[in-house]
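Read through the structure below, which is laid out as structure tokens, and then see the notes.
The chains carry the letters A, B, C and D, assigned in the order they are written, with residues numbered from 1 in each.
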Amino acid sequence: MKKLWVVSILCMLIFMTACSNDSANTEEASEDGKTEVIFWHSMSGELEHVVQEVADGFNAEQDEITVTPVFQGTYEEAITKFNTVAGTEDAPAIMQTFEVGTKYMIDSGKIQPVQKFIDDEGYDMNQWEKNITNYYSVDDTQYSMPFNSSTPVLIYNKDAFKEAGLDPEKAPETYSELKEAAKKLTNDDQVGFSILNYGWFIEELIAVQGGLFVDNDNGRTGNAEKAVFNGEEGLKVFELISEMHKEGTFYNTGQNWDDIRAAFQSGKIAMYLDSSAGIRATVDNAPFEVGAGYLPVPDGVDRQGVIIGGASLWMAKDIDEEKQRAAWEFMKYVTTPDVQAQWHLKSGYFSINPAAYDLPVVQEEWEKYPQLKVTVDQLKNTIPSEATQGALISVFPEARQKVVSAMESLYQGVEPKEALDRAAAEIDQSLEAANRKNGSQ
Amino acid sequence: MRALELKQMRKSYQADIEVLKGIDIVIEPGEFFVLVGPSGCGKSTLLRMIAGLEEISSGELYIGGAYANKLKPSKRELSMVFQNYALFPHMTVEQNIAFGLHVKKLTKVEQSQRCKEAAEMLGLTPYLKRKPRELSGGQRQRVALARAIVTQDPICLMDEPLSNLDAKLRTKMRSEIRQLQRKLGITMIYVTHDQTEAMTMADRMMILNQGEVQQVGKPLDIYNHPANTFVASFIGAPPMNMVNGYIQNGNVHLPCDTTLPQIHHNLTGEFTIGIRPEHLVRATNTDEATLQAIVTNVEMLGTETLINFQLTDKLQWTARWQGQHAIPLGEKVSFAIKTEDLVFFDDQTKQNTFLEGVEVI
Amino acid sequence: MTIGKKILLYLVLILSGFIMFFPIVYAFMISFMQGGEVLQGKLIPENFTLTNYLNAFEKVPLLRYLINSLVVSTVIMLGQLLLCSLAAFAFVFTKFKGKNLLFMLFISTMMIPWEATMVPNFQTIQSLGWLNSFPGLTIPFFAMAFGTFLLRQQFKTIPIELYEASQVSGVSRFKFFLTVVLPISKTSLITLGIYCFLTAWNMYLWPLLVTNDEKVRTVQIGLKQMQTQEIASEWGVVMAGVMLVILPTLLLIFVGQKRLQEGLTRGAIK
Amino acid sequence: MSSLNMNVDPKRPTLRKNRFSLASFEGWLYVLPSFILFIIFLFYPMVRTVYLSFFYTDTQGKPLSFAGWENFTTLLSSTSFLTSAKATFLFVLYTVPVGVILALALALLANQKLKGIGFFRTIFSSTMGMSVAASSVIWMFIYNPSIGIANKILNVFGFADMHFLLDPNTALLSVAIATIWMNTGFTFLILLGGLQNIDSQLYESARIAGVSSSYSFRKITLPMLSPTLFFVLTVTMINSFQSFGQIDILTKGGPIDSTNVIVYSIYKDAFINYNIGSASAQAVLLFLCVFILTVIQFKLGERKVHYQ
């Protein structure tokens, strides 16, 4: 019992000292004359280290600014917190937000478009990959700085291809090729194909055909009012899934990234769609040869390319101009070819600056992982349009949930058309409610 | 009617700690048998072994002549009253009494009939619908008794059933239980640490100390002929007076310069010598062997008087005189002692020398 | 108990023990797996190396987080025990107007979904200037309806005679609380203490919201930091983290369990 | 509690009043710290939530205009909310009775006087030390259709693979099983404590009477354990209504909203869909629902519970 008391008292003491230290801590930061840039991000695992390395590199390079990256949980959690502190002294200078939060951030009125600094400096934006920056550009205003960007690719098991008598060097490109390959690959222990139940993949499969997700040019020329993904393109995607599922060549792996990867690596599925950022780990971990290919398209449709996914960096409004400028300096640093090359290699995400791909380090890596090059090529070959620019929706996260539900209902035997229309109708409702609120603001 | 026989019953919890060290006893049918001893002597354990609540480590138990070591408690046809009564707080008195009767294959009518009889016998009829917590201590005690007798089992075990009652109630219940036992003619095994209870209630009793039988017998036999110093001091209140003395040349020498003249035993050497307080009578004539001492305390109880006096510097004795004697403190009083009232215990073994070698049952 | 019954009991015990403990063993196994071993559905790692554990320590300042969690959980536990026992004492041993209503009000707080309180509470903490500090992490949790409820149930079993006896001897109510009620309820207090500690130890979203600094962050945030979404998580490392994080709590249960047992038997012999 | 009046001396009316108000004041004093914290950190946010539930809010959660009952009427007429409500009740129904019975069975098992029982007690209570997040991740692996142990076991017994979390018909049940596992440790420990507090002489008395063990379980164990059981039931029910972490990690409310319990729906509306008004309305409804159930439980329960 005595020991317990000692421990308790000790804890109390630590607690007290921690309390009294607290106020001193915040002041300390600004005392050394440097501008401190707080950078909130949602990069966990290995990625957090890479982010820290980037920040360390920047901090070491100059002595005016200190960038402090702080992990703030998932994108959703971080955005909730940002929403609460925005406009107060606790707000960070840089905030990382996922791509579907773009419209939300713009509408929130709490962010400073980076376009301001681009204009002020006459910064040359052409060195950035157009297909990436496009997503975060609305009405010719660059709102945020792309950071971690990825696209979907088709991943397949080369060994399984060989066994099934398929050419392991040639990934299926059209739906009919995909279906045929899946049929050959399907046996007692293996199923041909799978897509994660995640709205992003459906958006991509529609965009690659040149289809739109919502009206008003994917919400780029005005607030989206109606969902249009239930058109011809969307129907083709859903029909593909539905048919293959009925045939038994499509495997439902749920909503977890790790579940679908486990299914692939354990040989349960032979082909699936994955994020370009996850390729390297998949190649490393799989006990067989892994191939990568472009997103498949329906027969007779021209490939339009892919939408960028991932997240971008936003600058907070209502903070010292000095801090904003410091944040901008960091953003510029991040986009230099050297930093981007490192970022690409270590994180698996794309380089915003295509110049990075020409660097020998990257070329060497591509030798080892030719799959990486496939993803970059797919992005490079993308034809810029509203479809491949991606949709801008205020209720995007909700829309994704509805699409997921629609996908899931396919496995229960619901007709593709019905599933799509139902999801579209629900999203229409949400859009209407959201627009009404914004209108009354 | 069934007899109970215990043969070399032993109980040990761990290999090296023996709680009961070989108990041999036969309990006759219809007998009121009391197990008495200080707390921790193993008497409750013995009772629980008889009940089947504790495993018998070694030895044999026969109930009605049948080997019963492995018998389930319920198959031993006995009832038990626990020290804290073990009443079910969520049941009414009636339900408590009738608890478990259904196992005896009685009809509902018989069950309630028996229950009513038992309640009637113990004066519980007005309380049948009450919960135990609404009853007084004595009433709870009666419920516990009723639950035991309602089973009509030939053997009833009681584990210090009166220890939670006040003194007056205890005296009353003592005789009630005794009467009940006689009326029903059941065999009763009764555990207590109170020697008065044992003396007043028992047909026979067994005195236990540290897991060993000290003496078994009728209460008065034990009182008059205690087998050893432990029994001598445990039975009787106030306890037997004792002192170390020696016998030389036929004379008994007590350490207080008192010498008792003759002795008709051929004893010699050192002894622990005991004498009951009531045998220290007031000296009336000078040719008696006397002992003179200073009175330190006097307790007058009405019918008798207890006189404490200083035997030696370190030893106090008590005398018990009939009637009321207002003796001033500090007065020197002479006590007469008869040699035949003395009890001699072996100085080493503490056994009563008169009883040595005699089988005591 | 017959031998047959004993064997049967042991069999059931072992079986249910195995089922109950299996997920933890499974996590333990995964914590030694390298790379894709987990995703290939293996049950037993190829070799038992500590690489993942070292990695876990390297990835996040786990030691720092562990100490923070220990401090936060201990403080919350002590605060809760104090406030809950005081309130429960009032509900059982004092009489005041609106007591029953107040008790229902207390109980009702258990039903408030935390999602509804999270954001306003965050703003409260922010306006108090407690962001990024131990008070912000701990004080909002000091009051707990569940604990008050548990202790009330326990205090109700204390015979009222004890209270009356203390009244007669002129002992103040507070002294009665300290010298009689608390010692008698030791077992419940220990049980509740363990529960409080574990709950506090397992908090995630709140510590994440109110902290920005690894100086005050807790282990559950560290665990989350090890997992990724789009990129494959290194499950071996994550599970190594999980094992490190549950080790103190499992130890606490082990020790607490013994204490609990002691307390219970002591109460029984009396 | 009426016996508490006994410290009031009827012969001295003046003192009586004084004493009472003093005691009353003292009573409040003990409750005050908890009460203040509740007001700040629970009642204030709750009142705010109730307030917001009557407003249209912007995506930042600021009230825009008064909505009256509209948030509620919209909810009550929307199929997704009704699905949520159904999922919630089913989830509670799956987890609470089974969880408590399982824990009770384990507690009865661990209450035997056997060698090494302490070890088993520790094992049984060990899930108490697992955080919801950690346990959920483990269960995610267990349920994984391709690599999980659950399917491997099914295969051993000759059953076909199951899509535990992916099939709308089994998802809720699968999450419930994981939840029961997580809660068992705590429930077990509380129930074991309750069992050990039952006077062993009651059982001995039953043994001598020779009643069957099921009879003594019904007539002694259950009634004597009823205060503990009541407590455990109340607490697990409330906890069950508020389960969140396991759903977030295992199913994210899917498939097809089959595990989208109200708490998860609140979370999605508040933190992902920025629909604060609707989230608040759901929170209010959930609160009312749990509150009413608890009141009923107290009213029915306290009658059946036997305090010693």
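The definition used in the following text is that contacts are C-beta pairs under 8 Å (C-beta built on N, C-alpha and C of every residue); 3 or more make two chains touch, one makes a residue touch a chain.
Here the structure is a predicted model, which means the values were calculated and not measured.
Here the chain at the heart of the shown protein, by mean C-alpha position, is C. The greater number of contacting C-beta pairs, out of the two interfaces A-D and C-D, is seen for C-D.
For subunit A, the chain with the farthest CA centroid is B. Per-chain Cα centroids separate subunit A from subunit D by 37 Å. Subunit C and subunit D have Cα centroids separated by 15 Å.
Averaged Cα coordinates give subunit A a centre that lies 88 Å from the centre of subunit B. Measuring from the averaged C-alpha position of subunit B to that of subunit C gives a distance of 53 Å. Among the residues of subunit A, those touching two or more other chains are numbered 77, 80, 258, 262, 266. The residues of subunit D that reach two or more other chains are 61, 144, 146-147, 270-271, 308, listed in rising order.
Taken residue by residue, subunit C touches two or more other chains at 38-41, 119, 224, 227, 235, whereas all remaining positions touch fewer.
Annotation, chain-chain contacts: A-C, A-D, B-D, C-D (touch as defined at the top). Subunit D makes touch with subunit C in their complex at residues 1, 3-7, 20, 23-31, 33-38, 40-46, 48-49, 61, 106, 109-110, 112, 114, 117-118, 120-135, 137-139, 141-142, 144, 146-149, 152, 181, 184-186, 189-190, 193, 196-197, 200, 227-228, 231, 234-235, 238, 241-242, 244-245, 262-263, 266-267, 270-271, 279-280, 283, 286-287, 290-291, 294-295, 298, 307-308. Contacts from subunit D toward subunit B in the complex involve residues 199, 201-202, 204-212, 219-220, 223-224, 226, 306, 308.
Contact residues of subunit A toward subunit D in the complex are 76-77, 80, 83, 104, 107-108, 197, 252-256, 258-259, 262-263, 266, 268-269, 394-395, 397-398, 401, 404-405, 408-409, 411-412, 430, 433-434, 436-438, 440-441. Here subunit A touches subunit C in the complex through residues 7-8, 11-12, 14-15, 18-19, 22-23, 25-26, 38, 44-49, 70-74, 77, 80-81, 84-85, 88, 90, 150, 257-258, 261-262, 264-266, 275, 277-278, 281-282, 284-287, 310, 347-348, going by the rule given at the top. Those residues of subunit B lying in contact with subunit D across their complex are 48, 51-53, 72-75, 78-80, 82-84, 86, 88-91, 99-103, 133, 147, 151.
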